[in-house]
Amino acid sequence: MSHREQTPLQLKCYEVIFGTETPAGKWFDLALIAIIIASVIVIMLDSIVSLDASYGDLFFRLEWLFTLLFTVEYLARIWCTPNRRAYVLSLYGVVDLLAVLPTYLSIFLPQTAPLLIIRLLRILRIFRVLRLLTLLNEANDLAAALQRSGRKIFVFFTVMMILATIFGCLLYVIEGPGNGFDDIPTSVYWAIVTITTVGYGDVTPVTTAGRAVSAAGMLVGYAIIAVPTGIITAELTMAQQIKKQRLAMLARNCTNCSTVEPDPDAHYCRACGSQLPRPGHAPETEKS
Amino acid sequence: MSHREQTPLQLKCYEVIFGTETPAGKWFDLALIAIIIASVIVIMLDSIVSLDASYGDLFFRLEWLFTLLFTVEYLARIWCTPNRRAYVLSLYGVVDLLAVLPTYLSIFLPQTAPLLIIRLLRILRIFRVLRLLTLLNEANDLAAALQRSGRKIFVFFTVMMILATIFGCLLYVIEGPGNGFDDIPTSVYWAIVTITTVGYGDVTPVTTAGRAVSAAGMLVGYAIIAVPTGIITAELTMAQQIKKQRLAMLARNCTNCSTVEPDPDAHYCRACGSQLPRPGHAPETEKS
Amino acid sequence: MSHREQTPLQLKCYEVIFGTETPAGKWFDLALIAIIIASVIVIMLDSIVSLDASYGDLFFRLEWLFTLLFTVEYLARIWCTPNRRAYVLSLYGVVDLLAVLPTYLSIFLPQTAPLLIIRLLRILRIFRVLRLLTLLNEANDLAAALQRSGRKIFVFFTVMMILATIFGCLLYVIEGPGNGFDDIPTSVYWAIVTITTVGYGDVTPVTTAGRAVSAAGMLVGYAIIAVPTGIITAELTMAQQIKKQRLAMLARNCTNCSTVEPDPDAHYCRACGSQLPRPGHAPETEKS
Amino acid sequence: MSHREQTPLQLKCYEVIFGTETPAGKWFDLALIAIIIASVIVIMLDSIVSLDASYGDLFFRLEWLFTLLFTVEYLARIWCTPNRRAYVLSLYGVVDLLAVLPTYLSIFLPQTAPLLIIRLLRILRIFRVLRLLTLLNEANDLAAALQRSGRKIFVFFTVMMILATIFGCLLYVIEGPGNGFDDIPTSVYWAIVTITTVGYGDVTPVTTAGRAVSAAGMLVGYAIIAVPTGIITAELTMAQQIKKQRLAMLARNCTNCSTVEPDPDAHYCRACGSQLPRPGHAPETEKS
């Protein structure tokens, strides 16, 4: 039963809910994005104590409205997909389920539940925002570039962690627990805050030696940001050039006057009007 | 009446005010830039309480002088442009009107007007600085590169917002309202401050778990800055290469000795002196 | 005795400990990485006062366990390597020794030793994290790119230091000791914190003049980050292009139909089936 | 007298002091760099109150030693240069004079001189560090890339200032003087601190609206850093490619077997041994 026959209604429904080619499919996606954002904003506002006191009831009703909408959508997706098991177990299916589950779970929660669990359930609902990612199909190019550079970026993060450990320990020895560098995890946290140029200022060196070593760490961190940038940029530049070269492969020279014709769909030379050779056979720099 | 005949005086005036080719047009633009900057500085200084007490009268008079100058200029632009409706409704026309309107509105403001509205009118005048943008025609190249990458940058911002929401919620759960993470909007604000490596330090994690998650967020934010940089750089590099290739298209080889001649205006080979073929027919890598 | 004959057991042991090609060698490396990370985490947790009070004994025993493991590994490396002197004096050998030495030294430390020395010995052990670097052979590409740009990056750091000195002194004169800019080293520290965009906020300008000069410094620092990024990116892009060109060098054109064949291992034209010339003789843009 | 004849002694001296080709010239430069750095460090340490109390006399004597050394060097430069007026009025000559002048001026300073002037004279001496720049001839490549992109970077700074003015004014209206945004200059200072991702945290938004607008400003600032990076990187990549192409221009094909010979100094084909054509005549992609 892994790949069922779809009824015409299911097929129509599938095109609207899963597809993006038809106008109806596009409008469905846009409406879904709007509802997700509205739902996330409601959860955010609900967490503000003063707003919760005044509009708590409204937020509660809106939350249930959104949850019911997402539930209907989730059931519709299961109903109309040709391969139910694949959808439910896919990343998208899991995220769609997580978008509604916490609200239902909150019903069964006893009044005496610890605050942390209530807060957790509330927050889990906000992971609905992840649904945006699955609707954002333009992100693929960037994700592909990141993935191709994945190994280098992993090495980069490892080197960053080693640097942060070493700088953190140096400052732990130099400044000591008296100046806010209470233990090594705190010092390593400080080193990451510094090397990434975030610089909160909640832990800062106060001795001259500590400041000198910190300054060295800052300069290293400042220069090292060039590394991931260089990796991604080289990857993206390469991707653009490959795309350009594939087009250039199809360029031809006129057999009569040698003019280059980059358009693969042209049939006649734009300079002398004689017939062009078939694209793909005579590359750009070739006279046949 | 949308495209009127201009009198010679209007035409002359139009060249000076709107044009940048004639010396008079250039001087007019430079003078205008100087007056705009002076006017913005006066508004800035006027907002300093101690200076306002001493020089309030001077600032008031200067402000009216600048406003009258801009009014005269605005009316002159309307008078001499060939298409009045188009100018008044264009972005430039609206910005030019906004540069003078707030000062006139302040006359009709009752003494009992709320402080916020007075402050708003004062500040609206500072948007005169936007007039600089309309005079800065060198910004076009950069704007074009940004526009071509617009879709990718929009995706980038969406991913940033999703990341900030998730990191903000994680810290809201971990740190809780007791440690400054009062509600989700505050936590998301903290996440944006952290991921963009701004790092004010007004809200900072204090628990070990919170610091570990923050450190992960910082490293992600630090590495992710590579993405917009890579996008813009690849775009600018590509633009430069296309410009170079257009020139290379016009390069020729000498029919006698094969020397490459990149200058499209050359008539004779710089190596052997024989006549060169016409540019555009024989591309760089071709012997005809 | 600098290059001894290895017994078969030593050879086998050498392949596992030093090599990464055999499955056993890979597992050994992975296990070693896990132990190093575990050992570093124990040292970090040990530095937290509250954890040290509760689990001090456990940490102490784990520390000795790790030290014994590293000692056995160090002795095994000396035993099985073909050139003992070279290993012991190499960077790797010194780092491996430093990973165990501090723990043994702590035995001979009198109870009355100053706190700083005890802390130093504890911290020296954390430099075990450096052993990760020697196991991370993927870092070579990045290190090579950094090394090729080394001279330019050195110039960049010198210019940064000169800029920081000048901005620091300007602020020292403008703000003076009263506003936190106590002496020139502090002011230069502030300038580095600012120019690298770290921005702790422990020392900040308060006068209008100081803020204006700082803002100029920030903009300079913000723009100057482009320089190392540009250097590294140009280096990495160049490295990728050279790799691509080496492959293109081996591309050939079919002698019959001129189709380009980029695969150096192909023997027959994929378009017309005629035999291809030998790679390396007829470059991509050539008709033979 | 603008271009005098040099005596042999002057010529010899000129080669050592101004030149970098001879070993003596190189050692002179290295010694000068060391003395400049030592001199700057002494001025820095002298500004620390506690050190000045203990070692004030030593610093005073060292300062006079360095000043005398620089004076002798300055006079020697004037004596041995072929064109005295050109050197004295050049940027280098002015910087060299500024390196010694403040110390001499301090003699004539009355005991009752205001503290600011004393501090100023002390600080002016530190601009000796600028002499390092004039000795750093490797900085030329970077300076050339920056200069070629100068117009674009100027546009970038103007856009940054306009953005900072607008964001500063928005926050001035939203937050108001009560929350640290006392006047527009302070708000613009805050905007620059934020957009450049420095983020001191001395002025931070506290209202929800202010935080939302700030977050938008941070994201804009975070993305906009891509612009100068892209400009510089495209410029450096282009410079590398032009250098590579100049070499490629000299590449030739063997007239016998078409093998490409990139080395301009080769006389015979490395593949078949036949004599190669002269470089520069037959470009890389040409068969003669």
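Each chain gets a letter, A, B, C and D, in the order it is written, and its residues are counted from 1.
Everything that follows uses one rule, which is that contacts are C-beta pairs under 8 Å (C-beta built on N, C-alpha and C of every residue); 3 or more make two chains touch, one makes a residue touch a chain.
Keep in mind it's a predicted model, so treat the numbers as computed, not measured.
Student: Which of these, A-D, A-B or B-C, makes the same contacts as A-C in over half of the contact pairs?
Tutor: A-B
Student: Could you see whether B-D or A-D has the larger number of C-beta contact pairs?
Tutor: B-D
Student: When the centre of a chain is set as the mean of its C-alpha atoms, what distance in Å lies between subunit B and subunit D?
Tutor: Subunit B and subunit D have C-alpha centres separated by 27 Å.
Student: Roughly how far is subunit A from subunit D, centre to centre by C-alpha average, rounded to an integer in Å?
Tutor: Computed value for the inter-centroid distance: 39 Å.
Student: Mark out which residues of subunit D touch at least two other chains, giving numbers and ranges.
Tutor: 156, 185, 188, 197-201, 225, 229, 231, 233, 237, 285, 287, in rising order.
Student: List the residues on subunit B that touch subunit C in their complex, please.
Tutor: Those residues of subunit B that touch subunit C are 197-201, 229, 233, 285.
Student: Touching subunit A in the complex: which residues of subunit C?
Tutor: My answer: residues 40, 43-45, 47-49, 116, 119-120, 123, 126-127, 129-130, 132-133, 136, 138-139, 141-142, 145-146, 153, 156-157, 160, 185-186, 188-189, 192-193, 196-202, 225, 228-233, 235-237, 239-240, 244, 253, 257-260, 271, 284-285, 287.
Student: Sort out for me which residues of subunit A touch subunit C in the complex.
Tutor: Within the complex, subunit A touches subunit C at residues 151-152, 155-156, 158-159, 162, 165-166, 169, 172-173, 176-177, 182-185, 188, 194, 197-201, 204, 208, 211-212, 214-215, 218-219, 221-223, 225-227, 229-231, 233-234, 237-238, 249, 280-283, 285-288.
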